[in-house]
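The data blocks that follow each hold one structure.
In what comes next, subunit A is part of two complexes: it sits with subunit B in the first one and with subunit C in the second one.
Presenting the complex of A and B:
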């Protein structure tokens, strides 16, 4: 079943065309990774999906409903959580405050319900740092906090923008393990934007390769991993 | 929290019994300090906690002052009417806040500051040109209804209300808007709505403070509520620490008493030293303690 359908999406910054008629769809329960070099337009697509920028043309259908034109907070409330690049943590608030803000969309159901506790169990480190200011966390912990916070809203689909950015290899492995767990155990659909293409493809079901605003390949992740051409041009020859 | 209630109760009791024997000049300074504290706390909710720099707070204060004064002037029974007058003043000021906030809160940073400054002046000029309320001649003969207990009570109510709001999910949304608007949006917070809420609540308490002010000074004139008044409130907020509600109270008392202490100097030299001292204080504060005069242990928002 198709969870998110993007049709002929175009994004312009002034006169410059950043995304040119991109179409793809994501099946429910899949991890799809959007890979490509710097400036390919990965982040622009995510920002357009969550309403942070308005695309110039196209159609986005989420759970059978068109969502283009909705405001960011409205999109967040219908179950699409965006973890932006640079994490967007509230640095001067405590970890607890950050997580509580994550529950904003369904605050009427109460604070830290059983479901939310179950998600928090995936991030034991955060529990230890509950009353600490988020600014005092390490980079990896901040990334975990950003993800945990996004998950507090019970999203159907999670948009992750470069979760491995600036992290130590060990932490990256941990983050990717959590992403896999979220998908496998909690059934969250995930759209993962990554520079770290090899690692992203290893956990993804499908991969989309983006080059200067257009899709040049879309295939099951394993096929992309095996493809020589892609290995050379996008993943670095290794 | 319990300690605070006990301390506040003790202060009120002491004040209640001592005030009648204290020089009325000192008492009036105390009242103005309390009123300034209410103004500063309400502005702190907007400027410090929600991060929206508003410069027109005196405008909402003046609306509250005039509304309350008109109510008590036009109706015969007065004493029992005072709380009603305060509440009405607050509500009308809150409504004005809604009208001013709707168009201006779409702006950010400097632009919002300029627009709110403009609105503050507009309110003043409009009041200046309404003949029924005295225009430039002012509105005299307002009943002396305000006293220590009223001001102190309103200050305590303001303190508890604003701290309670800040601990609620809505208050956390205000803080989120201050910290990172994009991230707040991504959490599902309607940031325009949140800013407007903070602005309207701030205007409400400013209106209440205006009502108290009118019945303390017993005379209103639009010139009282000029830009300098707004600026004074901003200085108190900065002095007490942006986002530090209790700091605002302490700074309000400090600044109000300091202004009176400087008065003899001003009489001798015929120079308004107030603004020079304010400027020096602001500069040294920014250099020495940008978080306000109080240490960081006060910054904790009373999470118990």
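Presenting the complex of A and C:
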């Protein structure tokens, strides 16, 4: 079943075309990774999906409903959580306040305390830092906080923008494990934007390769991993 | 010594009025990075709403705390509404415009309020009704205290505590802090940022309205241009404390109130207004982030 359907999406910044007629769809319960080099337009696509920028053309259907033109907070409230690039932590607030803000778009109105327990079980580190200012967390902890906060809303779909950026290899492995766990155990559909293509493809069901605003390949992740061409041109030679 | 304490009391009373206005400047700056120059004129509007409400309800026939609170409530409600309309009509359409455009618009709104004030209220000064008539001065030892100063101080303090509670303890307050950190991020959380900005304007404007009535009580001459100087001084207070910082606004305002009072009492009363601007120049030269301000956090 199609969870998110993107049709002929185009994005312009002034006269510059950043995304040219991109179409793809994501099945419910899948992890799909959007990979490609710097400036390929990955972040632009995520920003358009969550209403932060208005695309110049195209159609986005989420859960059977067109969502283009909705405001960002409205999109958040129908079950799409976007963890932006650079984690997007409110550095001026405590860890607890950050998590509480995540419940703003909580449609099931679960009790905050229940939420806390459910989420914090996945992120034991955050529990220790609960009343600490979020600005004092390490990069990896901030990434965990960003994901935990996104989950406070019980999202149907999670958009993750470069969650591994700037993290130590060990922390990256941990983050990827949590992503897998969210998908497998909690049934969250995930759109993962990554530069770390190899690792992303290893946990994803499907991969989409983006190059200067257009899709150049879309296939099951295992196929992309096996493809020599892609390994050479987009994934590095490791 | 008695004289010194007297000056401290006067200074705090004056400072608390600056603080009420400064809070609005700093809150609006927090969420929009905008110096809302029309803010001082909302304080004038508050004084006039208090004036006309008192006339209409004959509140000065029955002076006392309850009359004062009615006028205060009317001014705060009226100013909150005015603040909402100003933000909705003048600033929201410019949300994505360069910041300087919004700044100039705020000067325009300020002039609009001042001269509509002259048009509708008349340009001559009016005498603010005595909503509270103290039966006499309070004597503590050799000290003489005007009860009105105590009332001004207590009501201001009460309003500041309520504001602080809203900002620090409520869901809405947390949303305001989130919006002031970053609009986009707040929206991604599902926070309706426009509504939060409106609410911030309304809260700030209500405090300015309250300041208008309290000033009417303490210095009962009101006129349509009365907002200019206190508005600027409150703005200076906010900069002094670190604009965008709530505690800073209060600290800055109290310091300015005390400094003005000491200057007038001990040295050179004619330099009262120059002091504030001198302080502004000094703070911008040597500590532009203000006493309690921090450098804007670089967003990674």
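In this section, the second predicted complex is superposed on the first by the 231 of 238 C-alpha atoms of A that agree within 3 Å, B and C clash if a C-alpha of one lies under 4 Å from a C-alpha of the other, contacts with A are read in each partner's own complex, and residues count from 1 in each chain.
In the analysis below, contacts are C-beta pairs under 8 Å (C-beta built on N, C-alpha and C of every residue); 3 or more make two chains touch, one makes a residue touch a chain.
From a predicted model like this one, the values you see are computed outputs, not experimental measurements.
Superposition of the two structures on subunit A shows subunit C clashing with subunit B. In the superposition on chain A, A:105 makes contact with both subunit B and subunit C.
In the superposed pair of complexes, A:50 makes contact with subunit B and with subunit C alike. Once the two complexes are laid over each other on the shared chain, residue contacts for A:187 go to neither subunit B nor subunit C.
With both structures placed on the common chain, the touch criterion links A:92 to subunit B and to subunit C. Residue contacts after overlaying the shared chain place A:220 against neither subunit B nor subunit C. With both structures placed on the common chain, the touch criterion links A:77 to subunit B and to subunit C. In the superposed model, A:39 lies in contact with neither subunit B nor subunit C. Residues 50, 52, 71-73, 76-77, 81-82, 84, 88, 90-93, 97, 100-102, 104-105, 149, 153 of subunit A are contacted both by subunit B in one complex and by subunit C in the other. Looking at the complex, you find that subunit A touches subunit C at residues 50-52, 71-73, 76-77, 81-82, 84, 86-88, 90-93, 97, 100-102, 104-106, 135, 149, 153.
Subunit C makes touch with subunit A in their complex at residues 171, 174-175, 177-178, 180-182, 184-193, 297, 299-300. Here subunit B touches subunit A in the complex through residues 169, 172-173, 175-176, 179-180, 182-191, going by the rule given at the top. By the touch criterion given at the top, residues 50, 52, 71-73, 76-77, 81-84, 88-93, 97, 100-105, 107, 149-150, 153 of subunit A touch subunit B in their complex.
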